[in-house]
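Just dropping this structure here.
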Amino acid sequence: MKRLKLGMVGGGQGAFIGGVHRIAARLDGKWELVAGALSSDPDRAAASAADLGIPADRSYTSFAEMAQAEAAREDGIDAVAIVTPNHLHAAPAIAFLDAGIHVICDKPLAATQEQAQELAAAARRSDARFILTHNYTGYPLIRLARKMVARGDLGAIRVIQAEYAQDWLAEDTQNKQADWRTDPTRAGAGAIGDIGTHAFNLLSFVTGLQTEALSAELHSFVEGRAVDDNAHILLRLEDGARGMIWASQVAVGNENGLRLRVYGAKGGLEWSQENPNQMWFTRFGNAPQLLTRGQGEATEGTRIPPGHPEGYLEGFATLYSEAADLISGASETAPLPGLDDGLDGMWFISSCLESSRDAGRWVKK
Amino acid sequence: MKRLKLGMVGGGQGAFIGGVHRIAARLDGKWELVAGALSSDPDRAAASAADLGIPADRSYTSFAEMAQAEAAREDGIDAVAIVTPNHLHAAPAIAFLDAGIHVICDKPLAATQEQAQELAAAARRSDARFILTHNYTGYPLIRLARKMVARGDLGAIRVIQAEYAQDWLAEDTQNKQADWRTDPTRAGAGAIGDIGTHAFNLLSFVTGLQTEALSAELHSFVEGRAVDDNAHILLRLEDGARGMIWASQVAVGNENGLRLRVYGAKGGLEWSQENPNQMWFTRFGNAPQLLTRGQGEATEGTRIPPGHPEGYLEGFATLYSEAADLISGASETAPLPGLDDGLDGMWFISSCLESSRDAGRWVKK
Amino acid sequence: MKRLKLGMVGGGQGAFIGGVHRIAARLDGKWELVAGALSSDPDRAAASAADLGIPADRSYTSFAEMAQAEAAREDGIDAVAIVTPNHLHAAPAIAFLDAGIHVICDKPLAATQEQAQELAAAARRSDARFILTHNYTGYPLIRLARKMVARGDLGAIRVIQAEYAQDWLAEDTQNKQADWRTDPTRAGAGAIGDIGTHAFNLLSFVTGLQTEALSAELHSFVEGRAVDDNAHILLRLEDGARGMIWASQVAVGNENGLRLRVYGAKGGLEWSQENPNQMWFTRFGNAPQLLTRGQGEATEGTRIPPGHPEGYLEGFATLYSEAADLISGASETAPLPGLDDGLDGMWFISSCLESSRDAGRWVKK
Amino acid sequence: MKRLKLGMVGGGQGAFIGGVHRIAARLDGKWELVAGALSSDPDRAAASAADLGIPADRSYTSFAEMAQAEAAREDGIDAVAIVTPNHLHAAPAIAFLDAGIHVICDKPLAATQEQAQELAAAARRSDARFILTHNYTGYPLIRLARKMVARGDLGAIRVIQAEYAQDWLAEDTQNKQADWRTDPTRAGAGAIGDIGTHAFNLLSFVTGLQTEALSAELHSFVEGRAVDDNAHILLRLEDGARGMIWASQVAVGNENGLRLRVYGAKGGLEWSQENPNQMWFTRFGNAPQLLTRGQGEATEGTRIPPGHPEGYLEGFATLYSEAADLISGASETAPLPGLDDGLDGMWFISSCLESSRDAGRWVKK
């Protein structure tokens, strides 16, 4: 097994989604990050690259230079991950596509329709692949939902309720993440672009239905905000299906409430991203069933057994990470279980056996 | 940032927990797997090593040889992960500890008290660290729970209810995982060792209280089973606290139901591993609060923002993994989002803006 | 305490909502049902009256006759409950209002705007009261929600999401309940009238905001159905608030899913009718709190302590009802607890005390 | 339909469970409360009787006098409800049983084994019935659970987890309810008697299994408390089944947490009293199903359709109660829906129809 070589545009120190892409690339051990144009600020680009173990000669300060140089190398990158704000998706994507390098791009496609069309032209003329990280399509139960709809478990689809509710922009927040997302120039749109597109993509992915028309009511609740922070959208889809999307960044009490409900003539499905290991399925006239990741058919894309929510891997990883820090001397304070915990466990086991054999006699430590 | 070098004992093809350890080691990019004694069967050891990109000269068929050889190399491993069945924890752990190599060992410590004591002696005489992967201690909200108890948010602890309920051994199952876990020689004990020790460790970790005595009632429900598959255990802890543990592998409808409830004079906490991103906290006389990973203090060990359950990373990783397979030619069928999805999203954004500006006029596609 | 005298129009054998009104009237012991025009079919009217203990001379076959006769009696009814299909609300309501008798009427007001206006005129010219049973306004937590919004706990209201999802009309069902509800003549409208009006009333009740305009997309999914069975509605309310209503009778997997979410500048509330004893409240930036009926301020209109969901009363009532049937000889088969259960309980108590005093010794029965 | 005549011993002003019994008796309209010995304090007895509409000549100050007098009357009570503290159950029960009057008695049977045995003797020699209000046996889903176990849906029962957790006695509370429940003389025992007996009765009722032995660990956490406030109990039942009961009045964050989980060789059931309209059922190897009150077989003892949690009746009753208060002049402030709400609803319906016919045009009010 040889790892593919990955480059990254954006994702320097202080960024959010770049780190997520890097963890995602590492998780299954199929990628190695070897190059980057991590920031337009040369100092930050260099420091970020050093943090990530990217050799200095493959840390670039411009994506154009990077595309050219990597395409020219014998051991150049196989693909690039583009994790910049929306208005900076199209230009680097075009540069890498034109250089014959595969592109993995964060969503949405671009900040404007013009940028999108230029990118589309580049993607069409290139042999390289273009992948858009609508990450919610990667959840095992979403994959199952798509399969169930496709094979008719729900019958003809009638109604789709999709929503994506957050509250982090309920006030006039100012930070790196909020700033570009509420700037029409860099983001292109507000809630509809940042999260509404996820909901729209998810309902399309699961139902396979094309949208034929929409009617929208956008609103901006926070004074002075130049983009929408709440959106109510009605959809008319193929075959007479009807849909509703609610996207909001001002719904106090919601962290990342992406939720999809699909109802057909024969059955209904309900899924919520905040509890992604479970999905409700009801056949009309029968008791609702709780489908869980890892059981039955819900196994595509799953790495661990049912009942181990996928945070299980992160908990485990924290122990490994802390062990590395202890061993390398980076930290001395991690509360890692060790020998005494193991001996306690052995006392527990042997005392349980002893007590149980003796009618529940209390065994002292 | 230089990665530490990791070896692995056990975890060859067909194993479960070895793969989990490998993902955990990769997630934060601090470890590199470079050596292994992955199976006692030479062919399986070699094939497993090749799958994982371990060089042939560092794929061993005996842990003893591996400990010796790696200790002798300039670029030898920093630590070894031991992921064998319980009865094979102590011997390799001792070998590596004696060779001065740090040990990360799966729980429980050993299959018997004798093995445990020998391992303890080795750990005490070695300068190397011994870390036991009670992985549930790595969850952000468990870390927070421990902190809250320690600083007195719950007052003096009175009652602890811990349970770990599964159903996968409700019948006389026969497979690699079940076989050794129900074999007294290899496992040492049944439910109490496999999952009861997790519950016991977790309650100790969170409350910081020593157990003073226990009373147990073990039972084996499946005919012919030689170890316990259901255990009811009462605990007396320091300072008059009382506890109850229920561990079961025959509780039909439970996948991996590890649950901890802690009640003190001033407050109570409830956490369930199947929904690890949330924890209930109630101050006596006040409304219950739902604490979530990533909010307030619950940030230790967290990698992503609140509301993105940690499965978020796995969903993302699935896209990266599939992208690698597409690019390397290993697969052609992944339903990855691409250009058309991106263009659809752009239509969605611009049509929302257009419709909303025009009193909700339906915009056709 | 003297009970008020109640009459009923509609609610004969086979009806649903009439029985609910009768239980509701009995629950607190403030009403006595003494007269009725229970059916337009004389035989069914008489039989229904006999079932309910209404004297034959106060069982009428016409509401007009009933209004006249009861108004003339010294001991005539104080109020009448009107529990007929929608198109038969206005005429009896007018008759009783004109006779000076208070009216308690099921919702919606009428099947048509014309009927509604005639009823309104009668209500305005009468000294008698007119009460519309939007029953969801009677829930303790809805009362609390209204109070919280009114005093500003949520700040200025921004977004309201109301939904009422059912699935009982997902197919072409034919029964007494379905027939009139899908008949445009008798019902006036479909989902919007039967359940949408509840959602609309509830959001108005809780927020106190007037709706200024709406935009709607109604649809009928079941072939041959003459009224809407799914409705998506956008609202513009006072002070710039925005709202969304979804009412559906074809959402498979939903029994009676009335749900209200209200978001303001400072806080958010979420409540679901299927779990009416709990309500989420989040102050922006703080952990969500779970408010429960009977705790704190949520005590208006509550009869039993917190944690006793209101089904508690029904469970109790079932024992009383079965006791009556046993005593009257109407039934012999109820599984009522009795002496042996009581003796078992006493053994349980004394054995617990004995075992606990003796270090958990097993006490046999 | 003639109502049966009911008397009551206990339940005067300030009592809790007496009011619950009265609502329960009224709900289905089969009982009429006509006599009482509501308090041992003559003034409070008279005032309580007047509140309840009991004629003065049937308000007694002693249960002995009441039993004698009511037995002698032509129109004497059919049954008496005994709702006094535990130590006052046996004496009145004996008096009424000896007078040939049916007894409906609150649980537990008595405060001591001696009282229980005397009551048992009286019940055995009387022709009158003795009914103990273990009210949780009246829930529709508990009835269904019992039926499912009896017919083998779960296979042979193996493990039963019952718990009843509250927090209202977490501190040294002093009030009428707490005082007698923590007084060994009046209550007989603490948590085990007040709530443990409910859990024990419920598991017996559902499984039909006799308990053969128990082992208990009782504890009292609040300083100065003379009875247990936390109990851990292990059970051995018929046919090798094992059980665990946890009863606590100091588990902070629990209101009335009665929960039952039953696991057999083929299936498992989980039910929680705080959400009584739902029950989980899993057949081994299949997805968990959510059974709901009113659907499928879960219809015994249910009064309203699925999805209308039983609080639905109380919400309705609140409107009726407030209507009575408005009409009788007892109150002027109830927020009852009326004409304007009805007209609003009619505007909603007609505007939805109008907007939808016109492509979602916004319709103003």
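Read from first to last, the chains carry the letters A, B, C and D; within each, the first residue is number 1.
Assume a contact is a pair of C-beta atoms (placed from the backbone, for glycine too) under 8 Å apart; a residue touches a chain by one contact, two chains touch by 3 or more.
Bear in mind that the values here come from a model prediction, so they are computed numbers and not experimental data.
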| item | value |
| --- | --- |
| Centroid comparison with chain C (C-alpha atoms), farthest chain | B |
| Pair joined by more contacting C-beta pairs (C-D or A-C) | C-D |
| Chain C and chain D: spacing of chain centres that average the CA atoms, whole Å | 22 |
| Separation of mean Cα positions, chain C and chain B [Å, integer] | 48 |
| Approximate Å spacing (C-alpha centroids) for the pair chain A, chain C | 43 |
| Chain C residues counted as touching two or more neighbouring chains | 215, 217, 234, 236, 254, 281, 288, 292, 295, 360-362 |
| Touch list for chain A against partner chain D, complex | 215, 234, 281, 287-292, 295-296, 360 |
| Chain A contact footprint on chain C (complex, rising order) | 154, 158-159, 161, 163, 167, 170-171, 215, 217, 219, 221, 230, 232, 234, 236, 240, 242, 244, 246, 248, 250-254, 261, 263-270, 280-284, 288, 359-362 |
